[in-house]
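Below are structures written as structure tokens.
One chain, subunit A, appears in both complexes that follow, with subunit B as partner in the first and subunit C in the second.
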Partner chain A sequence: MSVENAPVVDVDEAAIPVEKKMYYRFESNDKKEFRVSELAIQQSETLNRLVEAMGYTSEDVENKPAIAIENIDGKTLKLVFQWCEHHKGEAIPVDDGSVPKIVEIPEFDAKLMDIDNGLLFKLIWAADYLNIVQLLNVSCKKVANMAQGKTPAQLRRVYLLPSDEEDEAAKRAAQEAQDPRAREVEEEFEERKRQGGNSFF
Partner chain B sequence: MPDLVMRKILEDCDFCTVLVVRKVCRALRDFIDNSFINSSLKRVHIDISIQSIILKVTFSNGGKKYKFKRIQYQHKYEDDCKMEISMNDGSGRTSKEILFENTSFVQLFCDDLERILRANDSIFENISVNFRGGPRKVFKVVVKEECSKIYGIFEKVFCLKNRRKTIRVIEYDYTETMTKVMEAMERSLMYRKLKVASFHMYPVPRDIQFMNIVNNIDATCLKKLEVNGLQDVILKNGVHLGTEIIEERIKWENMKFFCLWPFITSIPVQKLAHIPIVKIKYETISAEDILYLKEVVINSPATYRFTIGSKTKIDVNFLIKVLGPLSKQFYVGPFIWCFEIPGTRKIKVITCNQTSNWLVFTIEPRYKYRSYVVY
Partner chain C sequence: MTFKFLDLPLLPLEEIMSMMDVSDLLKISSCNRTIRDVAKGRKQIKSFYFLPYAQKEMMDSVDVFELLQIHRHLDYAKFFRVNPISFNLIVSNEIGIEIRLKDDKLLKWNIFMEFIGNAENYRGTKPYFLKINGEIVPSVLTKKSEMYTFWNDRLEGVKTMIAWLRRSFNMYFETFHVEGGSHPEFSKELRSIVNFANYRQHLFTNVMIDERKQLISHADLNFVAENVTAFKKHSHLGRGDFKGPRSNRFVESKSLLITDSRWFTLDHLLMTHCSTIRLVDSALDMHELSIFTLKVLKGDYPKLKHFCVKTYHKNWVSCILFKTNMFYSKRGYIRDGVYRTANDQLIRIPIGIVIESLNREVLATLIFPMQSDHPKKLKTFEMLIWPDFDGSNFDRNEVHYHPLGRAN
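Our next item is the complex of A and B:
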């Protein structure tokens, strides 16, 4: 029998069971709510385990309060979930311990991480906290690329880090603030030095 | 930032960037020095001479590709140090020069070496140290003052001479340089063992203490250890190595090549018999050691070569008493004992070189020595 002559059977589409996509609701520490697909959540080992342990049905997801993520703010969480939605269904890489690691930053990720340093570090911290392996890989690579070819002074400016001298001065200041007697002794020593004495005693 | 993340970022950086990051602040320096960071650094070659030290570091570039950096630390006029850096990153070679005023080239090198060894926790494929200079008493070195490019042009036009001076480097100064390098290596190993597959030093002068470095190499990684001394100096004075730590604690399970020559040691042959290629020297060779090695050869891999030297002269009559009658004595050359290994096509051969005072235990193909076998 040819294909043209095959009997046509009407299919009732409503009768086919369609698996409904489940969207979980999460809340950041500044009370911003996000709806994230089940597939996207699989990118985060921490969140995946959490929702599995909770065993929510689609009704629970709608009726119960949003799952609170206390340590991450809304701005960072938005980036995290944007990344998870874009990469949903992708395999999670396994660390084989090889060095140097070959990590390529896709265009979407590069655009997503085109943010100020403060937010980028928050994003890395969140990726580590939520255990999103590939996001952590690309974000760490981004920071490593930022350091490439820079001098120590430039790195201090980029990462807002103190130099050894500034670090020591800050430590001394903190110590002095704690112990006023130490400051008095220091001042007395400086005074004696100005007067020409070589030794404190 | 959590430690794991910091580690991940640093492992994504190339090794030179890690060294730059280390200079940023105390916290980063402490983190890099005290944590275990795998790097792409694979080989380190050090070439020490009277006037300069060359450091060549090779990095893995992913896959089988390698890129290298060669840094030459040179003594210059008025105690300055010139650093010549050349790099090949696979796409081409670049080079630059930096002059450090009133800086010792040895100190600058030692600081860099210490940083490199301390900041790395991955397994090096190879580390080699080459001592140049030989057993001379005084070296004359001509050092040239660095001049500007304009001066350099006029030098050619008007035949002007660059300022030069000849400095005399006595043996003590050169020994001190080498000692400083060894101390820098030792300091870098204070916190962790050196993970290296192949470690090579040659020709090691008499006064150089290297056993602390050998003792601090991770024994599980080490496959090849080769330390060759200056033959003439050592033969005259018979330098004994303190190998107590090796004898008591170190187990080389993966070692394939072992050579401590011609230093005199007391490492028991039993400890080394499992290694396919060995070259070692003792004060005297005992009959027990000879018989033990003769038996070990039968069960050893095909490429077996155990060379055992003696400070005292080897008596052939003593060997005949221990091993039985000679299989072959060449008109000029070594004495040979051959023993058939039953059920194989191999023959174990013991060669005695009386002029050099060593015995070699090897396995050879049957066809080469068949006629010598004593049945």
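Our next item is the complex of A and C:
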């Protein structure tokens, strides 16, 4: 039978069973609970794989304890899930390799990231940990924008960058703290060298 | 508001750096070794060229100078290979260094030296502290492309700067640019800078003497002619109100350009061994030009390839042709030809007469320029000398002449 000759059947749309939206429960390290839709979770590769592996049904979600995210606090997780809910269903961007990387910050994201730098730092950590590509892009872009038009001295202040000498000193101090004998050995070696000894041993 | 940049995991750190443009990336790389190591692996840091032209145009002298210093920590040799950037030394009422970048258009930034006592006369938009040899030099950006650095003695300042740039950056000064200065110490400063620069680098690519605003004394001009060597181009931009004698210790550079060359006599010309000579507003007459032309055709100036004189004298071509008839034949003419000089300049040949020796070797081409007979318009005498001319490059109608001017 051709497609044109197929019988037309009226469908009662109300009769079609609508799949119930599933909301997962997550808990931050400070015991705050969040309910996040399945579609929003897809923005995070880490969480998406986790819930897939767990294979929870709607009942499981309600009856079992909330999924704990140990590394992220409630304030940060709230921002992350707000972002995921707003961008749910959007395609995950693929890096096109352009240099410098071009990222535009949408209005919603700009408002969401109107936060202090400490929280922005945590948000980037969270986006990296939960593997949320677009959130990582926009939050990194915000940090990159901080550098615009600044001199190296200003950049050092804004990004808390130690100079090469300070870096070196810190590294030495860390090494010494790890092995207190190392300095003694070094001093002994220098002393022997001054005395004209050819070999240390 | 601070941000703990180095405490970020490596992936976000790299992401952030990939979103910065070259100038920001270079600046941040100069702050810390860890960032420098990450940045070195990134593609965009390899060249200034990744900056869009508009951004380069917006950069001020302070930014450019910062960038140069930052690049020193990175692949500086490559930076110079990739970017068409050059440095000039300027001596005029101001003394300083000019940085030039050849892009869509030529971009220039200047760094001048000034006595610190005059600092309050300079109102700047941006203060800056230049660090040279561990010492801080106060500076100020007065215009977008002008930065003034303040020293106890500006002459010592420019010398310190030259020595520092030569030693730290292995920087070569391409052009020595002299303009007439009304400063009472001008002659002393000029001599001191020339002697100091010559000790650091024995020649320049170009020498530019500009007298359009202010005349330079005869002694100073002679000093420059004798002590500053340009291997590529010597330009002298003059003005009409000076008719006194000038040095005949002349240049050995590849190319010579003199505008308002009324002072440039036959003696000067006979002493000049350049491959390109261009004289504008010259006082050389037909007789003098034909003397030089005959010497060229005889082979006394083996380096010379292109000779061009703009003068008010008339009827020179026929006169010179008549003189050359005695010894050489004119075997035809070139129409709509083009000649490419050694410095890649294209010279149009609307109609050119080919001059050959008696054993039929092509010696030169005299060009008939497109010019009007208006008495106030300059007339051009132009000649190409090409012993390597193969005769097959151009559409040529053979018109034979007898050595004594009779057509075959």
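Going forward, the second predicted complex is superposed on the first by the 144 of 201 C-alpha atoms of A that agree within 3 Å, B and C clash if a C-alpha of one lies under 4 Å from a C-alpha of the other, contacts with A are read in each partner's own complex, and residues count from 1 in each chain.
Note that contacts are C-beta pairs under 8 Å (C-beta built on N, C-alpha and C of every residue); 3 or more make two chains touch, one makes a residue touch a chain.
What you see is a predicted model; the values in this text were computed from it and never measured.
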Partner chain(s) touched by A:136 [first = subunit B, second = subunit C, both, neither]: both
Partner chain(s) touched by A:117 [first = subunit B, second = subunit C, both, neither]: second
Partner chain in contact with A:148 - subunit B first, subunit C second, else both or neither: both
Contacts of A:188 with subunit B and subunit C, given as first, second, both or neither: neither
Partner chain(s) touched by A:163 [first = subunit B, second = subunit C, both, neither]: both
Contacts on subunit A seen with subunit B and repeated with subunit C across the two complexes: 99-101, 103, 121, 124-125, 128, 136-137, 140-141, 143-144, 147-148, 150-152, 155-156, 159, 161-164, 167
Subunit C residues within the subunit A interface of the complex: 1-9, 11-12, 15-22, 24, 27-28, 30-35, 42-44, 50, 66, 70
Subunit B residues within the subunit A interface of the complex: 1-2, 4-5, 8-14, 17, 20-21, 23-28, 38-40, 60-62, 122
Complex contacts: residues of subunit A adjacent to subunit C: 99-101, 103, 116-117, 120-121, 124-125, 127-128, 136-137, 139-141, 143-144, 146-148, 150-152, 155-164, 167
Subunit A to subunit B touching residues, read off their complex: 97, 99-103, 121, 124-125, 128, 136-137, 140-141, 143-145, 147-152, 155-156, 159, 161-164, 167
